[in-house]
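In the two assemblies presented below, chain A is common to both, partnered first by chain B and then by chain C.
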Partner chain A sequence: MTDTAAERDLPSTAACARPTAGGVALFSVIAVIGLLLLFAPFVFSDVRSTQVAARICVFVVLAASYDLLIGYTGIVSFAHTMFFGMGAYGAAMGLKFGGADWGHLLLGSVGGVLAAAVLAVLIGLLSLRVKALFFAMVTLAAGSVMMVLASQLTSLTGGEDGLVYSTPRLFKPAMKLVTNADGEAARLFGVPLDGRLALYYFVFIVCLVVFVLLARIVRSPLGTVLEAIRENELRAEAIGYRVVAYRTAVFVIAAVAAAVAGVVWAVWLRYTGPDTTLSFDIMIDILLMVVIGGMGTMYGAIIGVVVMSLAQSYLKDLMSAAAGATSGVPILPHLLDPDRWPLWLGLLFILLVLFFPAGIAGTLMKKGSRS
Partner chain B sequence: MTAPSIETRDLTIRFGGHAAVNGVSCAFRPGELTVIVGPNGAGKTTWFNLVSGQLTPTEGRILKDGVDITRLSPSARAKAGIGRAFQLTNLFPRLSVLENVRLAVQARHGIGPRAFRPARAYRDIAALARAHLETTRLAALADLPAAALPHGDQRKLEVALLLAMEPDVFMFDEPTAGMSVDEAPVILDLIAGIKKDGRKTILLVEHKMDVVRALADRIVVLHNGELVADGAPDRVMALPIVREIYLGLPPEDEAA
Partner chain C sequence: MRLSDKIAPSFERIGGVYALPVILMIVALPLVGSLSSWVTLTVAGLAMGMMIFLMASGLSLVFGLMNVLNFGHSAFISFGAFIAASVLTGLSAWVGAHSLGFNLLALFAAIGAASLFGLVAGIVFEYLIIRPVAGDHLRQILITMGALIVSEELVRAIWGDNPITVARPAALNGIFVIGGASIEIYRVFAFCLGLAVFVGLYLVLNRTRIGLLIRAGVENREMVEALGFRIERLFVGVFMLGSALAAMGGAMWAGYQGTITGSLGSEMLILITIVVIIGGLGSIEGSLLGALLVGLLGNYVAFLFPKLSLASNMLLMMAVLLWRPWGLKPAVKS
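Right, the complex of A and B next:
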């Protein structure tokens, strides 16, 4: 009874009226993904799976913050990996040149994140008032300059080779969180309670916190203003919203989120180089993740990242298995050769876009809404 | 006499060589409803765009309560109390009807320090938005996307957004254009209601003569971007030049 009364009072919006069947399916899938990520070290004992899980956590933050820009506010930026890289290089330099302790990690991270925020303010104020295409060009140029800087300033960034460093002691594999009678790391469900575990949960928790903050922003009144700007920027301005200020604010928020993801990624990998943070391949990945997941849905980022990461990590294995299984058949083994994996990834994208025109999350949420 | 709330001085805007608004000087006071008339392309919408800030004049000044606002952004003018409804429906198409209005209420009242709460938790803002939907008879359609509304209802929503801004200066640009005969009175009654309040300045671009007669305290006539007549309705409508350009009557027909 009280439930229905509360429901009647709540203004439901067009976007999130009564949950649809597809919406329920979507949130079940997301809940399962969330649980798997939460217990990843216990569910998947091999190093590679934990690596995939950590990468998923980091890229969910990257994709979600990118969705805040492109999906919610309609800002097209190619500088997202630049901000990601600034966070990563900040943490990396702190650990490399300062020392592998919390103080220097914090110093480097805050430095990297602040630098990203300041650069985002500058780019935003200087160019968010111009045409969207021009803004996209500016971000592309900024990203390229940052890539050149990272590879040229060898003494600071390690150039093309990047930086290798160690992390605070807590995250070292040899670290024992809890020792047993033999003086070894105690085990929980067979998983050693060591630095690897601490490191995974550091990644998981930071990413979860940033994602929850981003999800709250889009549900807050600010989120509606961002959508209004995407829908009709002239009218948003006419009813009293300073469009440039909102756009700049959102660009800064997204940049900070990306930079924090970079910090976490740098700590996880113990290595930071142009290929792990700044490359345009990563930028394209983020873009595809958001499109596949569903622009302007926030939760779509999770789906998109999981689909892409699984495809990128396991498609080759799947294909070599399939090629082996079909070795007697004429052409098939050649098509299924692991070296052809980009072909199949491309095919997967085309199919996804065909069957989920609004992205997986976007399309699912609309399914069953005509009841 | 009260001081003008809106005033334009020698307001001019040229697109290339063509002056769409040319040296228009006029002032409008609170409590006064002025209908602006003129043939198509006379510059009515362009003059509105200059006042509400969508366009920046080539020459001249705009004052709100005596303060120069010529260089202010549209959002700053909205905050200063200038509200505008558009001739061509100009909404947030994929947001719901309620959200469209809620955005305008939120712009007017602010959201306070707890910006992180879910938007739907702001019941005071939603309640105000719903009240504006009641006034414009759109309450039943609150959850539909704006783009799904029929034309007449989109025009009403256009007006609901203006009401939600709670401005001191209301600018309506042909608010009933394309509305059915039973829809138009909702809007006209509403405008009459705002007028009754007596403290608001109302500017209304309208072609329908019965509407003009029923509501206007004053008529301003624009023609080719210039202000050609300004005064009490009876006097202005009787001017030969007005009959010629606005009613399309050649002057010699007047005698007939």
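Right, the complex of A and C next:
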């Protein structure tokens, strides 16, 4: 009973380095997504689209850091939202109880990120020695307890209602970055240069930096060791790598990245509650994003997040139309109800795991090399 | 000589880890203070523990035999609970009748329907979900998670988003009083049913040829296969049994709770996961131990420190893992 799972379908970094036809297509799609995100406030004028863009930025970091665990190291954790939530609650408490200034934001964020790192070390050392399945169960339990704590410690976390707070002055909509002659916020291509813009670029830049760091880590010697551990734990141990230490290190890195994403998310939303950070639904979302995008590709995270985000907004519309069209049939309208969209996503997920375990990015990259 | 070394022999003499639930009960008595509340809490804890055992034992056995961790296991709990609720609603004439016979008949019909569903759905689930990804842990975890999402949504699609009230048979609804301690009849019934299932499982596993093969399969699967036994078939059987037990546990839980919602499955998943971790994977004795400890501690803590009640399971799990990283009574040591 070894843990050498048959994960040979997952592409290695070496395969990523070789450009294939599918790979070129993939990277052009990613480049388009990147450009769209970079110019999101200018391309999409309405508030809702900017909201979607910011959500995509944050979840790309979350999914990429989760991919570092599941795809590169073969660790299945269900506690990723726990670290996300710790970062978010750290920032939220700093802003709520300290004050809406940079000092308290920094204090709260660093506190939250550090707490996440310490907890990750503890969980890692305690349970990464044992089997992958066991670790999955332990993290599942730990995540649920954090959720319960957040909703029970009302005085600290606001309970189920969460925390509402204001952000530093720079991010307020009324803030003018550049004023024109009339004393109003100057416009660039018709977009006012106000606090909203500053906030979006704060989210974008922090997420970009973290993502680049994560992408750098998997290309480093550390990333190669992680893949060695994923492919054959015993052999990696025999060569002289201390598997537990490496696993714990990667678990901590992923936890810190998730916590940073949480901080950014908390600042963007100006609200932190169990539903926006800790809920098991978000954990499932991250899992789906990584698997749909492609495990062990890092860029797959971007594809997965975009596909999921688009599906979440448009699948519902499609389903309500379908439910209306089939209203005469007995059970079908219930299954096509917009609230039932996780059902179809779950089915898609099962089919992907069965037939395309490499996900969209992984399958695309293999495509060119085969033909 | 360290203190733990001194305690260890006498701890083993009084029954080792099997004595833990008893020790917990004894420790709780002075803390609770009054004997009658202690009796009520203990009965509630034992009943809850037995129901959790029903749900968790299948998960543990399936893991032990096939090295498959089925996160979709709690889907059977959820379906079992809702099917039982529907059957009880359908037989409302029997449920409401003032006759113990009809009451029990309705309850057994509900439990039977749930278990039958578990048996049948178990085959389908094993064939569609578990078999294609055999031997690949990562994909196993992912696909069973996907199956859990799908089945939860199916439950919501069939029975709706709103909580459902479960009719409890009239004869099992009351309480009786012994020496000032009030005891719910349903809890006694749940305890007896769970105990009967445990004894049955224990006898099958330890006294029959099939049980011998199952235990041998848990110990060393390749060797059993090399001796010419078709362990695949055995596994399908164990999987069906585990699913049926989960559905039965779900049915009992539905009656215990009174109202059930669509998120029942994922709520119970956490609980049975903790129980299986505490007990150790692969053994029904471990599952029983873990379930009883969780049930008892949950009830005592809810009475003594209501604020802590939701975190008590996690604290228990952490304490056990620090002491025995493989759980209290694991069957698989690898």
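One rule holds for everything that comes next: the second predicted complex is superposed on the first by the 312 of 371 C-alpha atoms of A that agree within 3 Å, B and C clash if a C-alpha of one lies under 4 Å from a C-alpha of the other, contacts with A are read in each partner's own complex, and residues count from 1 in each chain.
Heads up, the rule we're going with is that contacts are C-beta pairs under 8 Å (C-beta built on N, C-alpha and C of every residue); 3 or more make two chains touch, one makes a residue touch a chain.
From a predicted model like this one, the values you see are computed outputs, not experimental measurements.
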Touching partner for A:R216 - first (chain B), second (chain C), both, neither:
first
Just checking: does A:L140 make contact with chain B only, chain C only, both, or neither of them? Give me first, second, both or neither.
second
Touching partner for A:D275 - first (chain B), second (chain C), both, neither:
neither
Counting residues of chain A touched by each of chain B and chain C, the higher count belongs to C
Contacts for A:V225 in the overlay, against chain B (first) and chain C (second): which applies, first, second, both or neither?
first
So, A:D317: does it touch chain B (first), chain C (second), both, or neither?
neither
Would you sort A:E160 into first (chain B), second (chain C), both or neither based on which partner it touches?
neither
Applying the document's contact rule, which stretches of chain C touch chain A when the two form their complex?
63, 67, 69, 129, 132-133, 135-139, 141-143, 145-147, 149-150, 152-154, 156-158, 161, 266, 269-270, 273-274, 276-277, 281, 307, 310-311, 313-314, 317-318, 321-322, 325-326, 332, 334
Name, in rising order, each residue of chain B that touches chain A in their complex.
52-54, 73-76, 78-79, 84, 86, 90-96, 98-99, 102-104, 106-108, 111, 115-120, 122-123, 125-126, 129-130, 142-145, 161, 164-165
Within their complex, chain A touches chain C through residues 1, 3, 5-7, 70, 74, 76, 126-127, 129-134, 136-138, 140-142, 144-145, 148-149, 152, 280, 284, 287, 291, 295, 331, 334-335, 337, 339-340, 342-343, 345-347, 349-350, 353-354, 357
What residues on chain A touch chain B, complex-wise?
9-15, 17, 216-217, 219-225, 227-228, 231-232, 234-243
